[in-house]
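Next up: the structures, one after another.
The two complexes that follow have subunit A in common; it is paired with subunit B in the first and with subunit C in the second.
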Partner chain A sequence: MKHKIFHIVTCLLGIFLFAACSKQDDIQSSDEWPSIYPDYTNVTIPSNIAPLNFIMREEPEQTEVVLKGAASQLTSMGSHKIQFSEKHWKKFLQTEQGNTVNIQIKAKIHGKWIKYKSFYWNIVEDRIDPYLTYRLIEPGYEVWNKIQLKERNIENFKERIIADNNLTGGTCMNCHITGNQNPLLSFFHIRGENGGTILNRNGQLRKINTRNKDMFASATYGNLHPSGKYGVFSTNIVVPDFHTKAGEKLEVYDTASDLVILDFDNNRIIRSDIVGGTDFLETFPTFSADGNSIFFCVAPNKTLPDSIKNLKYSLCKIGFDVRTGQFGTQIDTLIYMDENGKSVSFPKPSPDGRFLLYSVSDYGTFPIWHRETDLQMLNLKTGEILDLPEVNSNYSDTYHSWSSNSRWFVFASKRDDGLYGKPYFCYVDRKGNAHKPFVLPQRDPYYYDYLLKSFNIPELSTGKLPFNAADIEKVYWKDKIEQFE
Partner chain B sequence: MHFYSYLCVKFTIIIVLLKMKQDTKEIQMKALIAFALIVGCFFYFQCFVPYHLYFKEQIQLFIFSFGYFLSYFGKPGGLACLSGDFLTQFLYLKGGGAVVISLLLLVKWLLVSKTLNLLGTKTLTPLLALFPVIAEWIFFSEISFSIAMSMAFLFPLLFFRLYTCIRNSVFSIISGILLVPILYFLAGSAMLLFPALVLIYDINNGKKQLLYWLILFVLAGIFPYLVHSHFLLTVKQAYFYPFPTIKNGLSVFTLVGIAFLCCFRTIRECENTIFSFSFTMILALIFAIGGLVITTNSTREKILGMASEAYFENWNKVLEMGEKTKLQNPISTYYTNIALSKQMQMGDRLMTFYQPFTSGLFLPVKPESSWFSIFFSSDAYFYTGDMNMAQHSAMLGMIFSPYQRSSRLMRRLVEINVINDDVPAATKYLRILEATWFHKKQAVRMKKMLLAPNPEEYPELQEKRSRIHKNDILRSSQDPKASLELLVKNNPDNRPALDYLLSYYLLNKDIPHFFETYTRYYKDKNAFVPKMYAEALLIYFAATHAKPAKITDYKISTNLVNDFNEYTQLYESSQGDLEPVRKQFADTYWLYYHFATLKE
Partner chain C sequence: MKKTINYIRFFVPLLFGCVPFLFFYKYYPNHLHYQEQFQLFLLTGDYFLETASTPGGIANYLGRFFTQFFIYAGLGAFIVSAFLLCIQQLLFAIVRRLKKDLSWTLLTFLPAIAYWYLLCDENSQFGGLIALVMSLAFAWLGTLFKSNRLRNIYLLVMIPAVYWICGGATALFAALILLYEWLMRKQKRKTTAWLAVAAALLVTVCPFIAKFFLQEYPLYRFWWGVDYIHFVYFPPTTMLFLWVLILLVVVAICLIPNVKKEKNQRIALLINIIFIGLISFLWVGKNGYAKNISKEEIMAYDYHCRMKNWDEIIRMADKKSPSVPMTVTCLNLALYKTGQLSEKMFHYFQNGPEGLLPSFRRDFMIPMVGGEPYYYLGFVNTAQRYAFEAMESLPDYQKSVRSIKRLAETNLINGKYKTAEKYLHLLENTLFYKAWAKETRTHLYDEAKINAHPEWGEIRRFRTHEDFLFSEREKDMMLGMLFQQHRDNRMAYEYLMAYTLLEKNTTIFHDYFRMPKDFDYPSIPKSYQEALIYIWGLSHDNLSDIPYPISNSVKQNVEEYAGIYTTSPAPEPLLKKRFQKTYWYYLHFREYKKAKIETQYQY
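Presenting the complex of A and B:
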């Protein structure tokens, strides 16, 4: 009986496929690329990425996708949703790494078959770090209700929640930052009564009060030293205001900001007048790849919000003594921005110390709501600034972080709708050329269409984080906070 | 409406016919109860709380997408929530809510009747089954009570019915144990009903399975605890989900209570006499009427009525309701003010409605504001042309609403971005609306507007586009005045913003700024002086000792000047006493100016 049913189903399927395929004789060729979402046309991808599933916006009745590589071929059929088999995809990428794959799409629209202009995927051997963490939050400007920090394995579609504010009394949670893409070194802040900075060091979780009596605010933006012994943070008094003009939205600015070092071994906060005081606003500090200096952004203090459009941050560098944990005594300006220039934010050095990636916007210190925000890359060896036209879009491109091999970086881009940030991956080849980026693939390619949350601060890491939401719940409610002095 | 009534009656008849095999007297009683239940429910939901039902749909959004369906299973009670939200979308239709909920309660009554029969009750079963149904009915008028919760209750009853069909005792025990986690995944904490039903069923059937009962109860008791981390719920949430509070589970407790009473033979086998029937019926009626009186919030129904009619853009109806209900509530004032602005009557009739200073013009969006108030806060910004604040408020309204999604606010976000001519942002929200059943039509209409090669074909859209901010300033989210001033400065023909700005000054008793704005933007453009504005101008002229020529220049009628003189004399002679002044000069700005004070 079972065999009979199987034969009937197979025959029916065969008849159906035959009927479907038979009409491909009168196929029309198109000079245009198919309208696919996400835009995966002519992109460079790593050999360890999850299947690049996509949808055909024309909503054809049938679609045939053929991936033709140098040594193998992969075919996928569907209607308007193309989802590759994970097993076949993985095998195909392994076989074709280092090659350029041609993608040919044929679609049946209103009964007629169309053959679109083919496009390519460069499958490079340089692998990307397999784990990505991000904060999912509604772009409700300065407020929150439900916040989750998530970790996604980008080699497949597995995702897990590493912190959920439903378990921590609905408090605000800031984004998760990894130190040198190391899953055993990371931190994030939880606000609220039982909150603090959660430090993950070798899998051990600590809850730290990063504000002492001499500071006007807790630690805000920061980064961890490669040794794991120190963290460098800015402390900011943050003010949100609203633009009136459509297109512009929120403006968040600091009325005061300084830099501090947190010494995790000795529970102390190290300050210096050179990166403190009220004359200048210092923010977005990050350690250099070798850990011997700190990059940060600085702007002269202004009357805000009146002079907000003249608030331009320059990119600077200061030495760091790993032995004593002290700031250096001299500040070098790497990129100077006067009142006619742009404003620099979020400097991130590549792990090989070759490049520094940062955002530029017209003014201020909150690029995510600045439509004009673009990424730029500074060659730290030559001082050359790269504008990255292949990478940037008409909307905000920022919140970037590197892969451990310095060949890939991820950033949040609002290029699709101007409102919701999504993680895009970009390849930087050995010559330092950045390639067209592609968005994080999803099992259901309609996922982004119906998602009403933004991906904040996507960060790559080489492995899985050693904690989960239940651990964070425990730390939040039960662990004692460590006061740094 | 008649069509729905016809459907309800027909449905009842079909059910009754299906039961024809049973004895006639019982059928008659069941038919009578079923008919009374469905008519009573329909009448209540359609006549007493229709706007609550509309609102339940407005704070939901059901998208036809596989990924969206799957997202329901990230929490316990996935199937109950999915099916409940599916049904909720029908609440958008006129009368749809009353039909859906009435039918749902009827189905539930049938299932409860069957369950009680299985537990051994005899002739009074149809009446006893009414109690859990009523316990649910009375909560449907609460905003926090969703159809999903009602659906959650159905699953244990259905599974219990299937469970009792199993004759093999070993298979029955295995099934019972397996059903506990399955039910939790499908129906959430309503699963706790299942072991209670099994226990009573076994007792009534003379089965003694102590170990099995123990396993069942321990498993049901600890299972939510064991999986709370998996579902990212607190322990308390895990034992209640999807019910927000314990009282919303009253239906479950009522059924368990009745089921336990059925352990007593006298109750279980009570004869259906006139006395027993009447007594139970009266009890049910008291429970229903008392419960409905306690839970029905008629003030909220009126507020939701105005908010919903504003959503459907029935501005006459909003004003009609405002006049009829005379509510002293910021949200009702907020909607009557928008309606007045839409009808260009703000300057004339603002004082005919309760005005709690400026909080009836814009609803505050603050950490201490209720989600209910934030939900509606985008409307005033939208109509005056402040699209950024409208978008901000709409997003916050959605974020803080119970399900973090809303069909009403999604439509608003589309409208905002169509007006802003922001094609990518509008397309984002249009795609979501296109994936719904009942908002698809609106999405198609808005999309056509958005992509129109000649936007001039849509004069209303052009007018709205002309009102939005062209210049940029930074302002706090709590400062609507700064935005209104800029809107009027950018486009003095933006009549809603001008009326709102003038009203803002007047409600703040800021007469000099009112006068300045009126003179600059209103005076020479309008032949007619609205009553409230004229009254305020007279206050200004009196305070500045203006010459009579000035009054003529501002085209204030002689009658009004005479009234003002009379008012002034009366005010001075009354020595601050409100009553004599109110009698003669109710609904005047003068009265507001002299007597309105901020309540703490």
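Presenting the complex of A and C:
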């Protein structure tokens, strides 16, 4: 008898709870999109991206999310945190690639169910390179604390550390740059006593002193030639200063900067007067997709910091002789900026050679601290400049890099809180139209709320890097530095 | 009599619980406040997982959990004394498993006293104490197993577990159980020796395994696990001595013969009490307290500055004039806040412009205090930078709740609501800042409410509306530019004047003094009068012609001062006696060091 009563009570309780949880008869329709974070409404995503987990900012008691595609459907339930099953998500994206998926969210807030205006995800067949490297660092001023270079597989949530300044005596560490999205060709600089430029070429790590006796600084910003034989770098004397007006924070500028070529086969540094000297400041060099020319930014030297607001960089191009490793003899100006114009930084050509993506800010050479910084795209075939309004935000959007198929690019944006940069992915369709970007998804969608670090220089790569933090620790402490002459 | 002896044995631990409590509550409270501000303990699962996911992480987590209560000195003192007592009680419990005679068990107080001494050092972290207490607790639990086999299994299984919980203190845990085996002779010596070899191997291999899985930390950090001190790059070798002391205490108590006669027991008890009393006095009193009391004073200034207890700062300075730049900064700010800066700044020791506005250093303390005057001046960006950089300079990579609070404030004042919201969200996940964060959140996006706020509204109004780059080398120019944009910013004016006086740049002082301003003084402040009459005296014979209303007492004083200064072959001692609270004495006899401006860059 006791057992029977227990069963009846349990059943009734179960029915009651089920009814309480699932009753959606008096559901209210809202003509607004739900307040979700990250903002994944109406975005274009690749078919190989990790689940776009998100939070409902209204903090409902219950949420039901239905992803309705042309051929399948995926439902996820939760309270205020929506986390999709990785297995189901992957299968769903594969089934629905090339389709537009409708997302319908219903949420129970203060006991009442609300059905929000649905939004869509365009799942495109063009895949994005599966690995992303970035530097995680507090967006500070002069002091650095813990710096990590990390690699994330963006098809899932696996992340690993490729370098950590904990292991290198707390020294400063610059961002990791891949050459042509190739994991077997990359570099980054480690500063400090045992530091140098760490070159990863075919998985072999070298530590290079990129400063010879004729140079005023070692290599700073740069890029690698598709052949892997050369690197083009700017050598900069970098100075930080601090704004006093609200909204402005840090001003970083160069009091001197030149371009140099590093010949990795012959351990030599190649310079040219045409991209050197004190009259002009040359910076942010990068090889063109075919490797036959170099894009860079240049500005006439000014009295700094007094004339900082008149420091405007133009976009230029110079030839490069792959055989000799020499700079060309003529500079072409692609985008000229006079004192009334803006300032160009970080030119990055698409791997198919069709577009050149760059940042524009009101002045200077350090766009990440300029709130007004936006991305622009130059069509190298037609010369047309695209303003990318779908991509840019009210805060700094810069530090961009392409996916190997030229259909995607990633960039760091401060749009969420104005200070902490996060990697956003943007699709560029065959017509050259950029679509609304979306932030790197995280397993726990609250991750960004608690993160006090910025993602610097996110770079895409076609595969996993062939080294880890322990290798870098060894190179830093044990390997001899190679002096380039 | 035996009863009396037992009462004393009961009373001593009780007394021991009270003495550190009184010590930290009455004489050392600011060391507790100091610790609390340099962490951001979040009541979130992620914070727990992040902290506890490294060897010793659980001890670190618990240490930080308890440290958050240090914001209240009474609560902090109670926690510290309770855990110190735990050390003694656990060691006592272990010793009791080895020996029934209680004659020398008061020696178990020694490690607790030693840790008390260590806590007098501001670099100590509370997680270290937790790790010690837990490793002792696990060791004591191990001695409770009657079966040899179970005890052996417990030891070998628990070494990695204790390593994960308490870090390198697992070595102490293993050593105590092995010592117990050795002294109790419950097993064959050979078995114990093999057990010791196995335990030693396990203790050694644990850090290597941890390093294999957690590549981001250097190996040496895995030997210790727990952050015993803030400077995690330096091995806390003192802990080794403490662990050895614990083992020696156990051995000593066990090896000293039993005291059977009541008279001898009394003598032993007396020796015990005198010994621990003497050790407490020498370690804690002479070394711990006396050597660190000057730091306690600095921390007190810092704490009162943070809590805006301006009168308390002045009360402290009246008792003993501060001499360190940081404390002088707090005093000058307190003097301004109570309307006395221009009148009384030279009544106290001044160590140059650095005592007014300290230059930035890569340090977690100096920028924290240095940012305070900038904040109230209206240099909100500079205050923000100092708070951010102080936090980034923390050597143990923690975040600072004090910095986060200041960052929330500065972003709120600057109208950077999204950034402020991020910081407030963090503070809403703390125990003691939640209420403040929730209240502050009501100001977000509400311009009128911020403008009406007595502190934020004023600071917001005094910010620069024309941008310029801040120069550490030209602070007087910065103050001048700030003042020129807001002629009613009294603090900018007084700091500008004070800066030029402290720099002994009387010409610039005179220029600035004549600048128009949107407020008045009932009479010219005393330090200005002293400077003005000095400047006038340099080029005029007759002081009575001075075109400023200078008080008669200042006129009389300057004449007397000038008389001694010009006629005496060694005027300094005479002038010090009579005029050390004047600007003239500062001008002629106070030397100060010029600041070294640090620049480091990460790009």
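By our rule, the second predicted complex is superposed on the first by the 465 of 485 C-alpha atoms of A that agree within 3 Å, B and C clash if a C-alpha of one lies under 4 Å from a C-alpha of the other, contacts with A are read in each partner's own complex, and residues count from 1 in each chain.
Note that in this section a residue touches a chain if its C-beta (ideal position, glycine included) is under 8 Å from a C-beta of that chain, and two chains touch if they have at least 3 such contacts.
Because the structure is a prediction, the values reported are computed rather than measured.
Engineer: Superposed on subunit A, are subunit B and subunit C clashing or fitting side by side?
Structural biologist: clash
Engineer: Thinking of the overlay built on chain A, is A:Val238 touched by subunit B (first), by subunit C (second), by both, or by neither?
Structural biologist: second
Engineer: After the superposition on A, what does A:Lys478 contact: first (subunit B), second (subunit C), both or neither?
Structural biologist: neither
Engineer: Which partner chains sit in contact with A:Arg323 here, subunit B, subunit C, both or neither? Use first/second/both/neither.
Structural biologist: In the superposition, A:Arg323 touches no partner, neither subunit B nor subunit C.
Engineer: Looking at the overlay, what does A:Lys87 touch: subunit B (first), subunit C (second), both, or neither?
Structural biologist: Once the two structures are laid over each other on A, A:Lys87 reaches no partner at all.
Engineer: Thinking of the overlay built on chain A, is A:Asp449 touched by subunit B (first), by subunit C (second), by both, or by neither?
Structural biologist: In the superposed model, A:Asp449 contacts both subunit B and subunit C.
Engineer: Looking at the overlay, what does A:Cys172 touch: subunit B (first), subunit C (second), both, or neither?
Structural biologist: The answer is second: A:Cys172 touches subunit C but not subunit B.
Engineer: Pick one for A:His110: touches subunit B only (first), subunit C only (second), both, or neither.
Structural biologist: In the superposition, A:His110 contacts neither subunit B nor subunit C.
Engineer: Looking at the overlay, does A:Asp164 come into contact with subunit B only (first), subunit C only (second), both, or neither?
Structural biologist: Both partners.
Engineer: I'd like to check the shared interface: which positions of subunit A are touched by both subunit B and subunit C across the two complexes?
Structural biologist: 138, 140-141, 143-146, 148, 161, 164, 166-167, 240-249, 251, 305, 308, 416-420, 444, 446, 449-450, 452, 468-470, 473
Engineer: Along subunit C, where are the residues that touch subunit A in the complex?
Structural biologist: 42, 44, 46-47, 215-218, 221, 233, 360, 362, 379-382, 385, 388-389, 392-394, 397, 399, 413-416, 418-419, 421-422, 425-426, 463-471, 478, 482, 598-603
Engineer: Under the stated contact criterion, what part of subunit A meets subunit B in this complex?
Structural biologist: Against subunit B, the touching part of subunit A is residues 138-141, 143-146, 148, 161, 164, 166-167, 240-249, 251, 305, 308, 395, 416-420, 444, 446-447, 449-450, 452, 468-470, 473.
Engineer: Could you please specify the touching residues of subunit A with respect to subunit C in the complex?
Structural biologist: It is residues 137-138, 140-148, 161, 164, 166-167, 170, 172, 174, 220, 238-249, 251-252, 305, 308, 366, 416-420, 444, 446, 449-450, 452, 468-470, 473 of subunit A that touch subunit C.
Engineer: Spell out the part of subunit B that touches subunit A in their complex, as residue ranges.
Structural biologist: Interface residues on the subunit B side: 63, 65-68, 229, 232-234, 237, 367, 386-389, 391-392, 395-396, 398-400, 404-405, 420, 422, 424-425, 427-428, 431-432, 435, 468-477, 483, 486.
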